[in-house]
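Two complexes, one shared chain (chain A), two partners (chain B, chain C).
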Partner chain A sequence: MQIASRRYDTIVVATPVGRIDQAAAAPFERALSPHLADDNVEALVLDFGGVEYISSIGLRVLMVASKALRKRKARIAVAAMRPVVAEIFKISRFDAVVEVFPSLRGALGVLSPVARDAYDAG
Partner chain B sequence: MRCIRFWGTRGSLPVALTTYDVRAKLAAALRATAGRTFDSDASLDAYLDTLPFEVAGTFGGHTACVELETGDADYVICDLGSGLRPFGQAAIARHGPASPRTYHLFVSHLHWDHIMGLPFFVPAYVPGNRLVFYGAHTELEAALRRQMDPPSFPVPFSTFGATIEFVHLEPGRTHAVAGMQVTVKHQHHTGDSYGYRFEKDGRAVVYSTDSEHKLTNPAESAEFAAFFRDADVVIFDAMYSLAEATSVKADWGHSSNIVGVELCQLAQVKHLCLFHHEPALADAALAAVLAETRRYEQITRSGPPMQVSSAWDGLELRL
Partner chain C sequence: MTSPVAEGVALRTVRIHVAGAIVVAIVAVAFALGGASRLSLQSAWFDACQRIAPRVVDSSPVTIVEIDDRSLATFGRWPWPRNLLAHLIHTIGGAEPAAIGVDVVMPEPDPLSPDNLLARIDPDSALSGNLADLPSTDRELANALATSPTVLIMVESLAATTHPFRVAPVVVHDAGGRAPSGAAAITRLPHFPGVIASLPLLNAAAKGWGFASVNDVRGTLRRIPLVADVGGTLVPALAVEMWRVAMRASTLRLMTGDGDVRGVRVGNRFFATEADGAARIWFSPHLPQRFVSAKDVLEGTVDASRFAHRFVLIGVTATGQGDYLYTPVGVPMPGTEIHAQLLENLYDGTLLVRPAWGAPIEALVFLVFGALMVWTTPRWQVRSASALALAVVVAMLAAGFAVYRGGHVLLDAATPALALFALFGTLLAMTLAAATRNRKALQVVVQRQREENARVEGELAAARRIQTDMLPEASTVADRRLGLVAAMEPAQEVGGDLYDFYRLDDHRLFFMLGDVSGKGLSASIFMAVSKALCKSVTLRSQDTDVGDLMTATNLEIGRDNASSLFVTAFAGVLDLTNGDVEYCNAGHENPFIVRKASGAVERVDDGGGPPLCAVDGFAYRSAQLRLAPGDLLCLVTDGVTEAESAAGTLYGVDRVAAALSGAPSVEDAVARLGSDVAAFAEGAVQSDDITMLALSWKGP
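After this line comes the complex of A and B, so read on.
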């Protein structure tokens, strides 16, 4: 699984694509890992627009990330989920674990207007 | 193997509907009549059948006790939770107190909610009956005796009039017991628990409660998939949501509906039955969990559909 990430001010946006299942869980975890302990990262936003499915093992990676970020008072959010992925978050109650936003731009706007402006500027 | 009958389906401790719960159900049922009248019991029954289960029924509140009807005269029971008491009364009602029976009682583990029904199991007090307890814990007999010692209970274990036997089942092996092949599987739970796979007449039923699946070890998941493989029914501990089971309630020894679906699909199970319900969840919440679990099965399905149900006290699943 290829996971691109970009930084906007103090926010990192990670963009996984495809299915986050047993096979993809380890690369997913590795991709998030460097941002979890980075004190310069105040929030991690996962742009889920390209995610088709996430299984329990993928959700567990999000739980680990959430715990690590919250420990240092950083935030984690998921944006632009497809309807079926949003259903999985509701069924698993992970919609209460991470902040959920309909769009990436909307997430950035709430978390940091400076980051949103940087995003708008490309 | 003919039927699975659930006598207790709740986890951790028994619960009961309150007056307020009953009133809310009555209000919902009366509201839904929308002015209809009923000129016979049959028309009333037909109306009640149209109501959602969480309005017309209840999941019940007894702790774990499941009967397997094998086709033999002997009784086969999984766990001795508070549901064992109504089972004992029903067993005596079925054939009368003067007809001695053998009861094969498989114990998943020794936590209180899984053994608390035994002191109230009337057939144990009746001479002529035979009770055979099966388990993989070496402390099985001591635990069953201890809960009836003073000051915890007024009647000691030695009062039982039935013949009592204890059979230790080695985990990781298949045993010929009560006309069945019974495979015992170690499960992650504080103090250990054991799942049972019962096979007879080409049918397989798995009783797997109080079992936490950590998801971090693919080899462990494969072991459970092998244990569940092609089962007609898997009775699965789905006490918590996945979010709870991986956060505040991690290491509490229980699993979720999500993991139940994934493991059972991996094992090509025909029917997943959610079990060991969280006592804090009311009927409406448990019904919502069932609907969501069916939807998750639909989302993740890659082969034939798997039936998903949620156990309730009194439910019978015909095999």
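After this line comes the complex of A and C, so read on.
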């Protein structure tokens, strides 16, 4: 799977697309790992607008990321989930593992207004 | 094939190559040095060629006058009085032959000569006077010899010559070369200490003197020396001497060069020989047309044209008198006919040639094809390698025979062919032996692999047994107020699902169902640990809230979670006195409630938190629900909701609800759901553990 990532101020926005299942979990984990130990990254926002499905293996990657970021007081959020994915988050209560926002812009606004302004500036 | 076995195979192939190459090189050198000529197979091959395709006689320069049984029947037993021989020679000589070879040795005076008879009878008898008037028969023969171009035979002898013999001068012409010495070449000629020659009287009368050698290595006459060294004197063979006499030449020339004999020159004719001065006769079979009977000659019934300008040989073939020799073409042949065949060969230039380059070329052919076999035999299929070996041998024999037919050149195809066959047989045996060893080595590897697999399978089976043994039986919590059925079908040998239930006291039942994120051995170990920790936490703190139990369990499990797995779990406590359920859901699929009253299916979607291990130190909270008598509470893992059909569709919670709807008992609920999922997933690979737990409160 292709995972684009952009940086707005101290926030990294990663955009996975498609199904995050057994096959995609490893590339997904590799795409996130550089940001987990980067002290300049204060928050990691996952734009899930293009994610069709996430399996428990995919959730595990989020859990690992969450633990790593929390350890250094950074934050992790998922934004713009589709209903199917939102249902999975609801069932597994992963909204307690990562912060959940309806939109990417909203997430950036809560996490860092500076980053939101950068996002608005394009 | 594992690497060590492949290396073993390669090593064994290389060993065969090296051994084969060494053998081929040694044998090729032996061939090049003429080793094959010492083996009878080479002679047998040359003989076979002549037997299959003997020389075809198309000119008849020789007539043999045979003193046969008919002659003896008419003119009396052998030896004849020499005046009869004289008469025979006179008759032949009258027809003007090119030369007459007399293949009869007469070293003693004729015992039937009148002067010799006279010595034996009473000198005073009447017969004595008559005998004395008769001429000596030896002298009569000498007269006959003197008037015709006659050549007398002499025979090799192991003893020194007793009386002097006459011989035409043989002049050595040395062409120089590597060993410029005619003397060196002469040492290669056959040496005899002496010869048995005819009486000096007869010898002096004849025009020529040639020797006959019946000396051949293995009893079969193939080669005849054209010149021999008799006690230091060079003596020509009978046939060569007849050529000299026919050509009126006074001398013969022995041509030498490079220390070898090259041939014999008579007048303007040159007869090439092998290095030892011998020629190889190309034999035709015995030919009766060559012969005329001495009887017929003496009686004057043979046409003069049989003798005119031809070589004539006089020889004895009568039973018990003539010498017969084995030749390559089979049946014994009169010695005289062999002289005739040599004369024909010299006349037609059809002597067989065994060239000096024969042995090296045979060695080269063996080297090339031997190397080919050494390379191919260990690498090719047996069938292909055998076909190649057979083709090579057949081609060599065919080529050898073709060279014989086309140019009467003798090349030994048989010995190299046999050597190649032996080489091929050896290589094949080595290859097959190596293949057997390779197969054994491979079997050992396969066996080890099997044992290893069995060991792993055994461990997995043991792990599954441990896992299954850890799951409680419903009978351990049997109660009239309670219905409970649990079932698990792991996707792999061991799964990551878990369930547990036990009584906390007489009225309270603890139950839980969980799913580790993952499958296989690591998930199952994590599951076992989780289950044990959960139980120990629960039993240690009996009266606490289920949410607090989850919080404590989360702390315990998360304390040492190196593999970053997490567990979704639903846990609850059923109060058997009133049907109240206090529960907590840690990220697990919401359970289903089948209401007895309506048959409707509800979801339990309250009370919970993230999966265990997902968030360190999370404070779980519990929730409550109440079961009416006969209501069912059904817990499933995502192996049920995410079961895939062959078409790739997910089973989904709606199908779970539909399958459970109206189920009258826990047994019925689990059976319906299990068979419905199985039917849905028919033909697809089960990708996740399928676990179900159903319980009902039957009333107080």
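Heads up, the rule we're going with is that the second predicted complex is superposed on the first by the 122 of 122 C-alpha atoms of A that agree within 3 Å, B and C clash if a C-alpha of one lies under 4 Å from a C-alpha of the other, contacts with A are read in each partner's own complex, and residues count from 1 in each chain.
Rule of thumb we're sticking to: a contact is a pair of C-beta atoms (placed from the backbone, for glycine too) under 8 Å apart; a residue touches a chain by one contact, two chains touch by 3 or more.
For clarity, every value in this text was computed on a predicted model and none was experimentally measured.
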item	value
Simultaneous placement of chain C and chain B on chain A, clash or fit	clash
Touching partner for A:Ser92 - first (chain B), second (chain C), both, neither	both
Partner chain in contact with A:Thr10 - chain B first, chain C second, else both or neither	neither
Which of chain B and chain C A:Val84 touches, first, second, both or neither	first
First (chain B), second (chain C), both or neither touched by A:Ser33	neither
Clash-bearing segment of chain B relative to chain C, given 5-13, 95-103 or 149-157	5-13
Chain C-contacting residues of chain A that also contact chain B	56-57, 59-60, 63, 67, 91-94, 96-97
Residue numbers on chain A that touch chain B, as the complex places them	22, 53, 55-57, 59-60, 63, 67, 84, 87-88, 90-94, 96-97
Residue ranges of chain A in contact with chain C within the complex	56-57, 59-60, 63-64, 66-67, 70, 91-97
Residues on chain C engaged by chain A in the complex (per definition of touch)	515, 517-518, 564-566, 568, 585-590, 608-611, 613-616, 618, 638
Residues on chain B engaged by chain A in the complex (per definition of touch)	215-216, 218, 241-244, 246-247, 256-259, 262, 292-293, 295-296, 299-300
